[in-house]
Amino acid sequence: MTAVPGAALVPARRRRGPGAWARDPWRKPRILLGITVLYVGWSLLPVLIAVLFSFNDGKSRTVWQGFSMRWYYGDPLRSVWHDPTLHSAVVHTLWLGVLATLITIPLGVAMALGLDRWRGRIPAGANFIVLITFVLPEILLAVALLFVATVLQTPLHLGTAGQVMGLVTYQLSYPVVIVRSRLLTIGKHYEEAAIDLGASPMGAVRRVLLKMLLPAIFASTVLVFADVIDDFVIVRYLSGGSSTEPVSVKIYNTARAAPTPALNALATVLLASSLLVVLLGFVAYRRFTRGERRSIDVFAGEA
Amino acid sequence: MPPAAGDPFARRAPSGQIGRRSLLKVMLAAGAAPALADLLAACSSSGSPGAAGSAAPKIPSPTNPVRWPLSTKHPAIKAGLKPRRGSTLKVYNYADYLGPQVIKSFEKEYGVTVNVSTFNDEDEALTKIASGGLDLDLYFPSYDSIGKLVGADLVRPLNHDYITNIEHVWPQFHDPWYDQGWRYTVPYTVYTTGIGWRADMIKDDIGAMSNPYDAFWNAEYAGNLAVLDDWHTLMSMVLLRNGIDNINSTKQSDINLIHDQLMKMLKVTHPKVTITMYNDLPAGQYGLAQMWSGDVVNAQYYLPKGTSPEVLRYWFPEDGKGEVDNDLMVVLAQGSNPVAAHFFINYMLDPKVASKNFGYIGYQPPQNSINPDELVADGYLPKSLRSATVLPHYFDVGYRLLQLPPAADQAWHQVWQEFKAGA
Amino acid sequence: MPDTTARAGRRLLWPMLALPGTVWLVVLFVAPVYVVLAVLFGGVDPILRQPVPVWNPVHWDVSQFDYVLEHIVGTDGFFGPALVRTAVYVLVASVLCLLVAYPVAYYTARFAGRYRGLLLTLLIAPFWISYMMRMLAWINLLQNDGLVNQVISLGGLLPAHVNWLNGQPVTVVLGLVYGYVPYMVLPLFAGLDRIPAAVQEAARDLGAGRVETFRRVTWPMSRQAVVVSLLVTTLPMLGDYYTNDMLSSSPQTSMVGNLINNSVLTPGQTGQAGAFVMLVLLVSVLPMLLYVRASRTGEEVES
């Protein structure tokens, strides 16, 4: 990447006025660096503080009263381990994450492949709808599905089934968008080469294309999982009582009532679980694609 | 997230064909719409509850007591049953309105798992219950919902054989005007609605003012106060402020008055609108709030270390002429565990359990064993909160929040909607 | 013979792959819009005032929709302020997001060097942290006795004591910025990364200063990425109601999401919620189309 290419030509230690320093196009971007560092700090520090207070000994979330694990398993009534509403929320959240991701990714990848190659108005329309769901305000979809669940007799009920269906609908655009952009870069050559060598169309897809798409599939899996765990509006509207309330809804309800550090502990537990899942997936990914791609870029959507 | 791929190679049909095709499509759609409508009508939930019996709802009041008809579709449970060990009891309640130790001891004694779902206000609760998808067993409404619940056949009549602890409850609740013969309800807690404040954050003695309700329109407290996020409760306070006794008024002039003064309150004092005063007031988020008596009692347990409960104050009219109500427990018809629900109700009416629950939630149960005059001496209340006691005679002179007839209910809700939309 | 069947098989393959996803979106996204219309133009049951949908367009009753429209502007227009407020908050928050995200994305794309992976990880981290947890962290900090007030008053020396959580528009706007800025950083990064460094260096070699290089080279080339990331951030913000609920809880900062949320669960007002849903949908259709167009042109430029 661009280091500072002209640096070698500039003699070191030359005294210049501040005006010249400001005008120099080759100087180190300290202001930008400063902004970036400040941004990362502003972005992550509040969360670190919240995690810190989950280990607070007292009931306060603003005054440090000593270190203890009471909100995790110590307190017999209110800790995450003992309070059934709290730990069931973690379990339900992870369960929703797994279910929704398992449905979304195959559906989305297949759709990406199909939409990319299929010509016509139906696929153009489908593509349009996918892009709309990508930027749609979530509450619109949540209210629409709530109406469906309450005024129609369909398989969409309030509760886990409804939540999963709503989540898949909302997240489907992620794998479609990510995989399609990767497909554009790959192009058709490899597939056609495989077919020329005798593979069936499905075989070409399976043995050539999918392997090349693995980074994009992996990136969308991780993003969908993270987004589903974090989801609030859809799961709240379609929840069927406290046993189907995930962590995000619990935090929202309790934060507006009488929060204790148990809430911080709950959020930290979820954070740790999702980091674990992402880490495991990342390790699996590295094993599958030894040395092929620069890993992190894929997450940012780099094709 | 990369920019999404359009299809750069899509063929575009020649324009002439588009014209004919879209016309065909429109005609098909027009023909299909009624067919689709029929299909969707077939899929509709089997009629909205109670749509068949659309007679004007009976509205109970102290001067018009009502004996509800027993439900034929959901009869009372048979006698002599026991709750199944390992089953679940689904309770629907406000947050922090049931003591966790009380729940745990019930679970231990009967081997039943208790699952508490929470709602923020009764409108939300009724909507979720009516939607039918939820399978809740026990609900904690106030009596302004009873007419709707019975009318829509959402509640199950109680089998009194299971609820022997009713003998410990104040006699006036054995045959209340809102449910004569206590066919569907038992009382849960009694409370008043008054004004709570912190003496260390508000220098004036609100209780000593000539019209304490005026404090909510006093610019001196702007940004430092909160009002209850409950439409009927808050809007009634406006009426009481103006000396209007009928807090269930259907007069348009009263409703207009409420509207104007509520909007003025928004402009002058910018209140927070919430039901979490029991946590926010002790946390110092604001110094003055319209509160329920139970919340101000409960607030003493949320004070940070080192702050004495004596800073909490509460005002309610001395003569009892303020908002006074009680909450109830009902068994919902949709639940699958009504036997456990009956046992839970009976459990909550036990004097020892009720006292323990009182200690946790701060709301006074109408138990004969709890003497309202002795609450300070018994340690439930600090001296400064003596006025938060609910005395039985309040129920003779105080004003209740009753169910409103549909048109008035709509008009009140429209004012509330405008209030919540902000200025 | 194998050639033509292979080609025919290929042609069927793509529609078959795309069909499940398309059907899913039609059933769970497009059809529910019709349900919203049926509720909006339907009636109310007399006892519980729950919505009664009317399916046949011939019998549709526009009174609920009319009620909403009548009360937007004019003397009776009490929905107007909330709608205007939403537009203002979202606009200000989006601009602030851009001002923060652009330098950060630019630095990461251009100057990060060997720290690029680490920086990207830190920028992606907020996606793995629940939105609710991030808001909860700020609620803790913004309480009257929280860290922010402690810092501002320099530990009690100065009398500064702001009620951050008592209905302050500033808090809500900053909360929106905090919540949504990670969604803007990544697409901006992806877009800025595509600008070849060589072009900028050429400009500088030709004598352009920093500002001029930015104005005449970098900004025009990043415009499309800016549009895309603005839309990805702004459109979801329109439906936000929980940020206001958690950080303010006061009617004077209510947004259109709050209008929807309040009326959905109020007996007799559910149809009005449907009206707001349709209004927000209509308002966001134009930006959504813009997004679709911007994404397409992007691809053409790239290929």
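Going in written order, the chains are labelled A, B and C, and every chain counts its residues from 1.
Going forward, a contact is a pair of C-beta atoms (placed from the backbone, for glycine too) under 8 Å apart; a residue touches a chain by one contact, two chains touch by 3 or more.
Since we're looking at a predicted model, the values are computed, not measured.
Asker: Give me the ID of the chain with the smallest distance between its Cα centroid and the all-protein Cα centroid.
Answerer: That would be C.
Asker: Which two chains meet at the most C-beta pairs?
Answerer: So the pair of chains linked by the most contacts is A-C.
Asker: What whole-number Å value describes the gap between the mean CA coordinates of subunit A and subunit C?
Answerer: 15
Asker: In whole angstrom, what separates the CA-based centres of subunit A and subunit B?
Answerer: Once rounded, the distance between the two centres reads 37 Å.
Asker: Roughly how many whole angstrom separate the Cα centroids of subunit B and subunit C?
Answerer: Inter-chain centre distance comes to 33 Å.
Asker: Which subunit B residues touch at least two other chains?
Answerer: If we look for residues of subunit B contacting two or more partner chains, we find 1-6, 40, 44, 131, 274, 304.
Asker: Provide the list of subunit C residues touching at least two other chains, using ranges where the numbers run on.
Answerer: 35, 38, 52-53, 143, 145, 186-187, 190, 232, 249, 292, 295, 299, 303 - these are the residues of subunit C that touch more than one other chain.
Asker: Any chance you could list the residues of subunit A touching two or more other chains?
Answerer: 63, 115-116, 123, 130-131, 134, 151-152, 181, 184, 256, 259, 301-302
Asker: In their complex, what parts of subunit A are in touch with subunit B?
Answerer: Interface residues on subunit A, with respect to subunit B: 58, 60, 63, 77-78, 83-85, 115-116, 119-121, 123-124, 127, 130-131, 134, 149-154, 157-159, 177-178, 180-181, 183-184, 240-243, 245, 253-254, 256-259, 301-303.
Asker: Hey, which residues of subunit B end up touching subunit A in the complex?
Answerer: 1-7, 9-11, 13, 40, 43-46, 90, 92, 95-96, 100-101, 104, 113, 115-118, 131-136, 274, 276, 278-279, 302, 304-305
Asker: Going by the contact rule at the top, pick out the subunit B residues touching subunit C in the complex.
Answerer: Result: residues 1-6, 8, 33-34, 36-38, 40-41, 44, 48-51, 53-54, 57, 123-124, 126-128, 130-131, 148, 151-152, 223-224, 266, 270-274, 283-286, 304, 406, 409-410, 413, 417-423 of subunit B touch subunit C.
Asker: Which of the residues in subunit A come into contact with subunit C in the complex?
Answerer: 1-3, 5, 23, 25-26, 29, 31-33, 35-36, 39-40, 42-44, 46-47, 49-50, 53, 61-63, 107-108, 110-111, 113-118, 122-123, 126, 128-141, 143-148, 151-152, 156, 165-166, 168-169, 172, 176, 181, 184, 195, 200-202, 205, 223, 226-227, 229-230, 232-233, 237, 247-248, 251-252, 255-256, 259, 263-264, 267, 270-271, 274-275, 278, 294-297, 299-302
Asker: For subunit C, which residues are in contact with subunit B within the complex?
Answerer: Interface residues on subunit C, with respect to subunit B: 34-35, 38, 45-50, 52-53, 55-58, 71, 78-79, 81-82, 85, 143-145, 163, 165-167, 186-187, 190-191, 224-225, 228, 232, 248-254, 258-259, 262-263, 265-270, 272, 292, 294-296, 298-300, 303.
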